[in-house]
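Two complexes come next, and they have one chain in common, chain A, joined by chain B in the first and chain C in the second.
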Partner chain A sequence: MQLNPRKLGTIAAGLSALSANLLSANAAQAETVADATANAPHAPGLMTEGAPEPGSFLVDTSVLFYQEAGGRVTAVEPVINVVDNLLNGSVINGAFTYDSLTGATPNGATPATGPQTFTQIIKVATSTTQVTSTGASGGSTVTTIPGTATATSTYSTAAGRTPLAAFHDHRYAGNLGFSWLSDPDTRFKVGAAVSVERDYATYSVNAGVSHDLFQKNTTVALSLNIEQDESQPYNGTPNGFQNLNSLITNGNDHKTVANVVVGLTQSLTRFWLTQLNYNYSTSSGYQSDPYRVLSVVDSATGAALSYLYENRPRDRARHSVYWGNKLTLGPTVADVSLRYYHDTWGINSITAEVSEQVPITHNSYIKPLFRYYHQGAANFFRNYLVSGATLPQYASSDSRLGRFNATTIGARYGIRLMEDSELYVQAEDYRQTGTHYVAGAPGALANLDLFSGVHAISVMTGFKVKM
Partner chain B sequence: MIRMIGLALGLTLLGGCAHVGVRPWQRDILARNVMQPDADGNISAYRDHIYFSKEGATGGRSADGGGCGCN
Partner chain C sequence: MDAPGLVGPCLGATPFERERTQVQTHRFQAMGSPCEVQVDTPDPALGRRLGAMAQAEALRIEHKYSRYRPDSVVAAINAGAGQPVPVDAETASLIAFADQCYRISEGRFDISSGALRRVWTFDGSDRVPDPAAVAHCLLAVGWDKAIWDGIALTLKPGMEIDLGGIAKEYAVDMALAKVTHHHDVPILVNFGGDLRVSGPRADGARWRVLIDAIEPDQRPAWLDMASGAITTSGDARRFVLRNGVRYGHIIDPRNGMPVPAAPRSITVAAETCIEAGMLSTLAMLHGEQAEHFLKTQGVAAWVAR
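Right, the complex of A and B next:
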């Protein structure tokens, strides 16, 4: 019988796992492992199998179905991800993602007691790609302005409803990475990523180094990423606070992002791996949403008088500290993490997540999870602008920059259908909560729901196999 | 000054790491696939992308990029 290097690698990994179990100092844990493998002496359980070894080739294919409530965003996102673990310890990885996005997203205006009509000037050559005739906003009408290369596009929103603008887009993304050992304890990595949509493109390169210390109980790591984003809105990038119903004369704009992560990973006990990261990033360039406006409302009645494009600062620095833990508790594995985040736009945030992976049988598991997220508002967040008042330096009504909480409740089920493979499905319910009614808002606005946070259901399913 | 304090804290933390952990033959459980920080593969990427596009905070786990003009 011929044994190829990958088979030899598998056998070597199996022998090393076996010897590790035999040498285990903790008799109770050794019994647990022995019990878990008793049903299938030739293969460890789905939750006790070793990490991919040199000489293995992994393929993970999956698809995400994402749906927001209220006729908002629908996304379907297939992904294929391959990892080649070479025998010399080097790793080549690559992934390709396709994203189909349809639906509607808040345009930033406040609801009103009567129907609202939004009129914008668009370039004729791009009119067919901007807004379709269907959508939660009630559809749009495009009318060419004779003798010009422009048209007016109008769409309406019913009384009391959050104004939404319909859209559809496709995104293609790919990344490649290569890492290698310069000595048994030091790994270098380089990579590149591209993501292209109809109106947005991002290109990035990354590099990093990690070094093992103290018999590989400690790993220190440094990663850098440089990203260039190109914003290519259908009608150009509006000036800050430009009127919606006016011609945009600017073309595309861009943003540069630099990102650094310093990390420490530590084996604390046989059952506990902990990771502490500090992440700093800076963004410089165009960071407004080119489709998003703010309502300018009457100071007495709260009625919208006009709509102005939002205006965000061109610079942003972000800091975050992440603490992650993997804990084996008997036959189960807990994943517990915390993150604190702060940025120079004034957003402070806390994220906490916990999951528990529990074996059902030798070849299957279930993993319930819970995530809590809180963020404070950016210092330039405004639900609306008031007519007659001095314009602030910056303003955005994007709920993603407002104060809200979010909870995710979900679970994953995984099953091994054949050797070295796993079929998995994960479902999640994601819900943002915040302040719906703003006390002291002018006139009728005080009785209108100004919160436009999302409620989304996502289902991720995939099949991964090791060869 | 803050950088000096940070450096001193970091070195102290790292020095403490020399006294904790396991012997090489006790790595059986830590070597399992489920104990790897990146064990979730594609699901991690999906979730990062959803949260990146719906929340103001991002980052923490890795420096790798690949954003979007998210709706």
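Right, the complex of A and C next:
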């Protein structure tokens, strides 16, 4: 017998709604085998791709807003990332980024009890152009030197303030990668990346192989990366310890970086995945900051007498060991990692990070994050140079080469909007802490804040969709 | 709608006999049943590819929810021995679904009732279990004895769950979603008689599905479908006959006894396979009242007694 369809009864209507809910919640999720990790695409260092699903196409777009406290750097960075998982197991991925950076960064000089004026010789497009721009630390004036393609540029900093130099830049960056399975357990990958700013360009190529063992419970991986950087400072590349107020005669310079990573990923239990990586890199070439100076201070008063461009070694070798863990505890996914780093400039650092993804409802989650970082100073780090003392072989006052601690507190919130898409917002507060007052500094410097570390807030919002 | 192996292929899906376009058929065995995926395309490579995709999804779900695999999620839950077992998001949503079904069916549908099938052997013989054995078995049956907090499931020691009653239909829906996600070619997914189509065929026609005869002398019926899913619950081949009483294999978990006067088979049409499967199972559990239940619920159904 056939029963004629009519308006659904309560049980049938309830089942209809329940079924629709169940299927819409899982249709997207079932696409990855490791379903508990499906919502963790940015888990650093671990299984970032999950199990790539043949025949799927992923697009992830996001915008990052970055703001440093004290009117320093502001950046806006839109990113689009595309992954095409082909049916034969090959994966094509590409990403494109455009950055816009404005603001001011410490120029490397120490603060002083009175206002300071920085004068430098810059190149101008034509000898008759006069340019005026405004920097965060006060007006900057450019005066052309008649009959030459150069000009003197001056800017000043108020008493007691960390001297900052204004800048504005754009960066375009893109990368392209291709990976394929040579047999079901072995994946090869090749890739290339380019990043171009007005005064800096980076080109790199990479290749790697990963191999699964013991029914995919163990993965060993090896990858190599070669990078060539072109530094094209606006006014040329200064010599080490060249006076700020002098004509720079050198043009562009470059740097070459080679990097190798060996990694082991092991699933210890169904709930625990661990990864151990060793990373070695060597770089040679120009590694100084062409806009950064050191104050040469009077040994008695601490007053700045002149400013010299910094000078860093041309060679650097880095080692790091990373240990990451992904723990699935019911519906939550925890990431716990440690990293130890050492380089031949004398910097040692450790990073510890914990984050945990916790579902809120069946289609949203929150992922709090905490990261602690500590580093010791490079052996040539100096807050300033002292007049009359022997000039060291190398020196830089870049706070990133000094001793400091940094903590990051953040959270990510993600919500599934449609069957296969996620909207996410991630916010982080990053704060560097270090020594502000240097005991025994000459004269007035002992009472001036010499720490120029940053406090920054970043907010990233993005949307990803699988097609 | 039933544990793997309990229901034979009641439905044989075949495309309309008149050859209009070629249909690529991919066949495999999963969840104790013959499975097939029909792809309405003249391209055999595309048929194989999409068929393999649906098969992969069927095997994933079978692997994950099989009661018989020691490494399945269900085995992990059943091994919990009174301890809370946290589950992943997909499993949580299935358990939540089963939990709701238990409530709206007033206890008739119960994923913890699997143990009852072991005291009842439906082989056409006259072996009816001792009432004491049934009563003993009922001590470890009853979803109300489990603790489900949305994240972890705690079963009483000795208690077991079996998602076989929903996994096959769920697999059909998921396999169809997966394939249609990647390609818009019309397909029909049929796992052991639970089937769903993605929409009309490429030329706009309906899919023709044969419904097997219940008794050898009955003629097969056919059904044309352009959308949705159909499933069949039935005891056509599984029963115990004692003193002229036919005990069907649909057991009421509330008393541990086969549902009296249940129809031989119920075929239900609905939007999704899991919905159709649950409706046909619930209708079967209403026994004598099956037609009344289907009528009051306004469900499109075919009942054979």
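Keep this in mind: the second predicted complex is superposed on the first by the 408 of 467 C-alpha atoms of A that agree within 3 Å, B and C clash if a C-alpha of one lies under 4 Å from a C-alpha of the other, contacts with A are read in each partner's own complex, and residues count from 1 in each chain.
Following the convention adopted for this analysis, a contact is a pair of C-beta atoms (placed from the backbone, for glycine too) under 8 Å apart; a residue touches a chain by one contact, two chains touch by 3 or more.
In this text the structure is predicted, and so the values were computed from the model without any measurement.
*Asks:* Should A:Gly330 be classified as contacting the first partner (chain B), the second (chain C), both, or neither?
*Replies:* second
*Asks:* Tell me which of chain B and chain C touches more residues of chain A.
*Replies:* The larger set of chain A residues in touch belongs to B.
*Asks:* Looking at A:Thr265, would you say it contacts chain B, chain C, both, or neither? Reply first, second, both or neither.
*Replies:* A:Thr265 contacts chain B only, not chain C.
*Asks:* For A:Leu87, select first, second, both or neither according to whether it touches chain B, chain C, the two together, or no partner.
*Replies:* The answer is second: A:Leu87 touches chain C but not chain B.
*Asks:* Just checking: does A:His362 make contact with chain B only, chain C only, both, or neither of them? Give me first, second, both or neither.
*Replies:* second
*Asks:* After the superposition on A, what does A:Ser56 contact: first (chain B), second (chain C), both or neither?
*Replies:* Only chain C; A:Ser56 stays clear of chain B.
*Asks:* Touch check for A:Phe214: first (chain B), second (chain C), both, or neither?
*Replies:* first
*Asks:* Pick one for A:Val438: touches chain B only (first), chain C only (second), both, or neither.
*Replies:* In the superposition, A:Val438 touches no partner, neither chain B nor chain C.
*Asks:* Just to be sure I read the superposition right, which of the two partners does A:Ala427 touch: chain B = first, chain C = second, or both, or neither?
*Replies:* Neither partner.
*Asks:* Which chain A residues lie in the overlap of the chain B contact set and the chain C contact set?
*Replies:* The answer is residues 19-21, 23, 25, 29, 33, 328 of chain A.
*Asks:* If you look only at chain A, which of its residues touch chain B in the complex?
*Replies:* 17, 19-21, 23-25, 29, 33, 47-52, 60, 62, 64, 66, 73, 77, 79, 81, 95, 97, 99, 101, 103, 105, 167, 169, 171, 173, 175, 191, 193-195, 197, 199-200, 202, 204, 206, 208, 213-218, 220, 223-227, 229, 231, 257, 259-261, 264-271, 273, 275, 277, 279, 281, 318, 320-322, 324, 326, 328, 333, 339, 341, 343, 345, 347, 349, 351, 357, 373, 375, 378, 400-401, 406, 412, 424, 426, 428, 430, 432, 454, 456, 458, 460, 462, 464
*Asks:* List the residues on chain C that touch chain A in their complex, please.
*Replies:* 49, 53, 57, 60-61, 86-90, 92-94, 96-97, 100-101, 104-105, 151-152, 170, 173-174, 177-178, 181-182, 270-272, 274-275, 278-279, 282, 291, 294-303
*Asks:* Residue numbers of chain A touching chain C in their complex, please.
*Replies:* 1-12, 14-16, 18-23, 25-27, 29-31, 33, 35-36, 54-56, 87, 328-331, 359, 362, 419-420, 467
*Asks:* Sort out for me which residues of chain B touch chain A in the complex.
*Replies:* Result: residues 13-14, 17-18, 20-37, 41-43, 45-47, 49-51, 54-69, 71 of chain B touch chain A.
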